[in-house]
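Following this line, the structures themselves.
What follows is chain A paired twice: with chain B in the first complex and chain C in the second.
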Partner chain A sequence: MTKQHANWSPYDNNGGTCVAIAGSDYCVIAADTRMSTGYSILSRDYSKIHKLADKAVLSSSGFQADVKALQKVLKSRHLIYQHQHNKQMSCPAMAQLLSNTLYFKRFFPYYAFNVLGGLDEEGKGCVFTYDAVGSYEKVGYSAQGSGSTLIMPFLDNQLKSPSPLLLPKQDSITPLSESEAVDLVKTVFASATERDIYTGDKLEIMILKADGIKTEVMELRKD
Partner chain B sequence: MPMIGFGSNSEMLDGFSSVPSFDLPRTTDFDGFQKEAVQMVKPAKGTTTLAFIFKGGVMVAADSRASMGGYISSQSVKKIIEINPYMLGTMAGGAADCQFWHRNLGIKCRLHELANKRRISVSGASKLLANMLYSYRGMGLSVGTMIAGWDETGPGLYYVDNEGGRLKGDRFSVGSGSPYAYGVLDSGYKFDMSVEEASELARRSIYHATFRDGASGGVASVYHVGPKGWTKLSGDDVGELHYHYYPVAPATAEHEMVEAAE
Partner chain C sequence: MTFTIPIDNGDALKNAEADSQRTLYPYVTGTSIVAIKYKDGVLMASDMGGSYGSTLRYKNIERMQAIGKHSLLGASGEISDFQEILRYLDELVLNDNMWDDGNSLGPKEVHNYLTRVMYNRRNKFNPLWNTLVLGGVKNGESYLGMVSMIGVSFEDNHVATGFGNHLARPILRDEWRADLSFEEGVKLLEKCMRVLLYRDRSAINKLQIAKITEEGVTVSQPYSLKTFWEFSAFHNPTAGAQGSW
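And now, the complex of A and B:
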């Protein structure tokens, strides 16, 4: 008698793509607003970008119920940190908190593919990219989600930054200006929308700078 | 990463199956959602890591590629983890597993220092990690790591894996590219090497492994652990290393250019 298999799964994939690019004094975080299940669209206006702290913004694709639960945990941990330390969490600190939070559910993971963007202690842009169970690394740019395999090669071509592992150390921040980075993001999503069924509807872009966060919305193909 | 026991599970037979049947294949028989969970874990066993002890201490080297199936998810993964200023760990297997447990080991080592007023030995640190992994045996962790450091007894190198196995040795290589790395490492190894010779050997071994193993690539990092702790000696893109070791003969290139112009 072979082992019985479950006839249901606690996970679902709501699709979507998230991208983040780090600049010298800014960080661009973008995601489409389509939420799907199977071949159906649940919403054309669902935001996948969430502000965790003044200098740390999380964008997650995957199973949005798990993403919501993950945010709740991070939000409450951030509040406790603020009470204990009388200041907001820095982006690198939030990055490690997210990694540990994900790993604590190592044996029943959050089905969330995260990209954390923000400004580090010196005011330079930083992007952290994760897998579902918490392994993370600081990068100059990243794409996660259903369109990531379409977008990453293009970003590699346009933004290829020297690896942070090289010696002598070289900066992994892109030399692009803020407007160039935003244009690149728009181009990249327009292309991904053409070839990925789960990406489309609208593009939400958040630009993080020392003086605050700006949001921009662009229409994408709805088919 | 060694394949010993990785992911294997014997089928559960109960008393009713007395009807003779043909040999069924051994499958990784997980529940539906457990299977999804396993697939979600970012596997990094496509890797080449190596470490060896020589006269000048311990040399540790690794590539930096992470692959998810056939997709290269990153070319800049830090596979040499800095546990504390005098101990290094290498990563092979699940990236999150290695990162988390090495970070945890660093914390435990620090607590040991505070409680005992002296640094922990490499033997002690590797035992802490091995015992921790043993308690999670069979739960699907994937860790194939080497702990390298310098303590009171001199240079130390241990291999620890997710089965809870722990081996002391002076030459190890872990990962899909390890056979290629061993070939270059074993043929060039001498105990009496200078730090420069040893680091060049380590770098060359990683380069050759990345050349032949599709799952290894990116940047070859080389670290040295001496009596005063570890230092990073080099980080070279293996694509560029190729032309460093096998430069293109200029005459041939000119010839090609002349041909192309015609």
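And now, the complex of A and C:
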């Protein structure tokens, strides 16, 4: 008798796009608010951005149940860290923790596409970009999710990142001002919404600075 | 009377013997649930059918149940798994009452608990084959959320499972308002249920509507909707193609 194969999948892609851009003293993290399954929309108002620590904000798209579980794990690990070290986790520390947490489930992965944004120990903006099993890199900007293929080339063009082949390694933090970066984010999402069916409804933008976090919401096309 | 002692063989993915004990496909299923927030709380509608594949086997199944003082759970999908979930929630509510501290489980807590249960079963490759709708009111705040069989959850002003997501949700997106009165809310739900009755083959014309407000949960007596089949297009559908059926 042949082995029975499951007629259900433990994974689903709930869609959406996440973007983050690092500046000299700020970090912009943005994501759309559409949650889909197949060709249906489940919610037009679902936030994909989650604050993990004062200086570290995570934005994830992919399979929403895995994303939620991942956030719970990181939140509880952060709480333990705060109890043990009497301080909040820095963004680079959270970045390493996220990578390790993802790799821990290397053989039944969290189907989550993450972008971690925040301020490093010197107060400069930092963005870390991940794949589903935890390989990560510190970059000046990144896009993940269903619209990432539409957005990344445009960000490469606009943010004129120095070649990664150069030695010594050059910082890819953008010289743009905060308002210019926010405008750029609004532009890329408006464009991605046109061509990606899983991106749209509303855009949520979080601007992280040393004195706190500001949130902005912009309407996107709902079709 | 014989009964089998349940055997815990562990993870159904690694253990071959446990394979025979995990859910492969649903047997007796309930169709859509539709729910909306309204002025005083939450309204939820479901029909009373339980299908066995393409047979409409059961016509008196209550797919909505009150949970504690503040919440109402509606389920579509495998009925036996729904009954199992009710047993879990029974234990949860019992333990909550035993604290006897004046606090009681609200809809947010129940929704979170259900999400964790569904997700954990999915992780063990032995899912509870349901899509659940959890609505409730606590301390004046209305809550309405949904959990799928693989643990995807969200909350919104209106939710619908299965066919309801395709047929009812667009109507709700167009006509839902935050200040719907009870009568308006019921009319809106009936409009959705009527469309489902016409177009979902597993729907039956025997439905219940449940209301949750700060005062508590009430589930209506079953009733049926008026339908209209005298559209001229249905009278002689093959008029333009004689010999067709």
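A few points about this structure:
Methods note: the second predicted complex is superposed on the first by the 214 of 223 C-alpha atoms of A that agree within 3 Å, B and C clash if a C-alpha of one lies under 4 Å from a C-alpha of the other, contacts with A are read in each partner's own complex, and residues count from 1 in each chain.
One rule holds for everything that comes next: contacts are C-beta pairs under 8 Å (C-beta built on N, C-alpha and C of every residue); 3 or more make two chains touch, one makes a residue touch a chain.
Owing to the predicted nature of the structure, the values given are computational and were not obtained by experimental measurement.
By the touch criterion defined above, A:111 lies against chain B but remains apart from chain C after alignment on the C-alpha atoms of chain A. In the superposition on chain A, no contact is made by A:75 with either chain B or chain C.
Touch criterion met: A:42 reaches chain C, while chain B stays clear of it. In the superposition on chain A, A:221 contacts neither chain B nor chain C.
More residues of chain A lie in touch with B than with the remaining chain of the pair chain B and chain C. In the superposition on chain A, contact is made by A:132 with chain B only, not with chain C. Of the two partner chains placed by the overlay, chain B and chain C both lie in contact with A:10.
In the superposition on chain A, the residues of chain A contacting both chain B and chain C are 6-11, 108. Here chain A touches chain B in the complex through residues 1-3, 5-11, 99-100, 102-103, 106-109, 111, 129, 131-137, 139, 149, 163-167, going by the rule given at the top. Interface residues of chain C, counted against chain A in their complex, comprise 19, 24-25, 115, 119, 122-123, 125, 127, 146, 148-154, 156, 165-166, 169.
Here chain A touches chain C in the complex through residues 4, 6-12, 14, 35, 37, 40-43, 45-46, 63-65, 68-69, 108, going by the rule given at the top.
Across the complex, chain A is touched by residues 11-14, 16-17, 29, 31-33, 36-37, 40-42, 44, 64, 71, 73-78, 94-100, 139-141, 218-219, 221, 232-237 of chain B.
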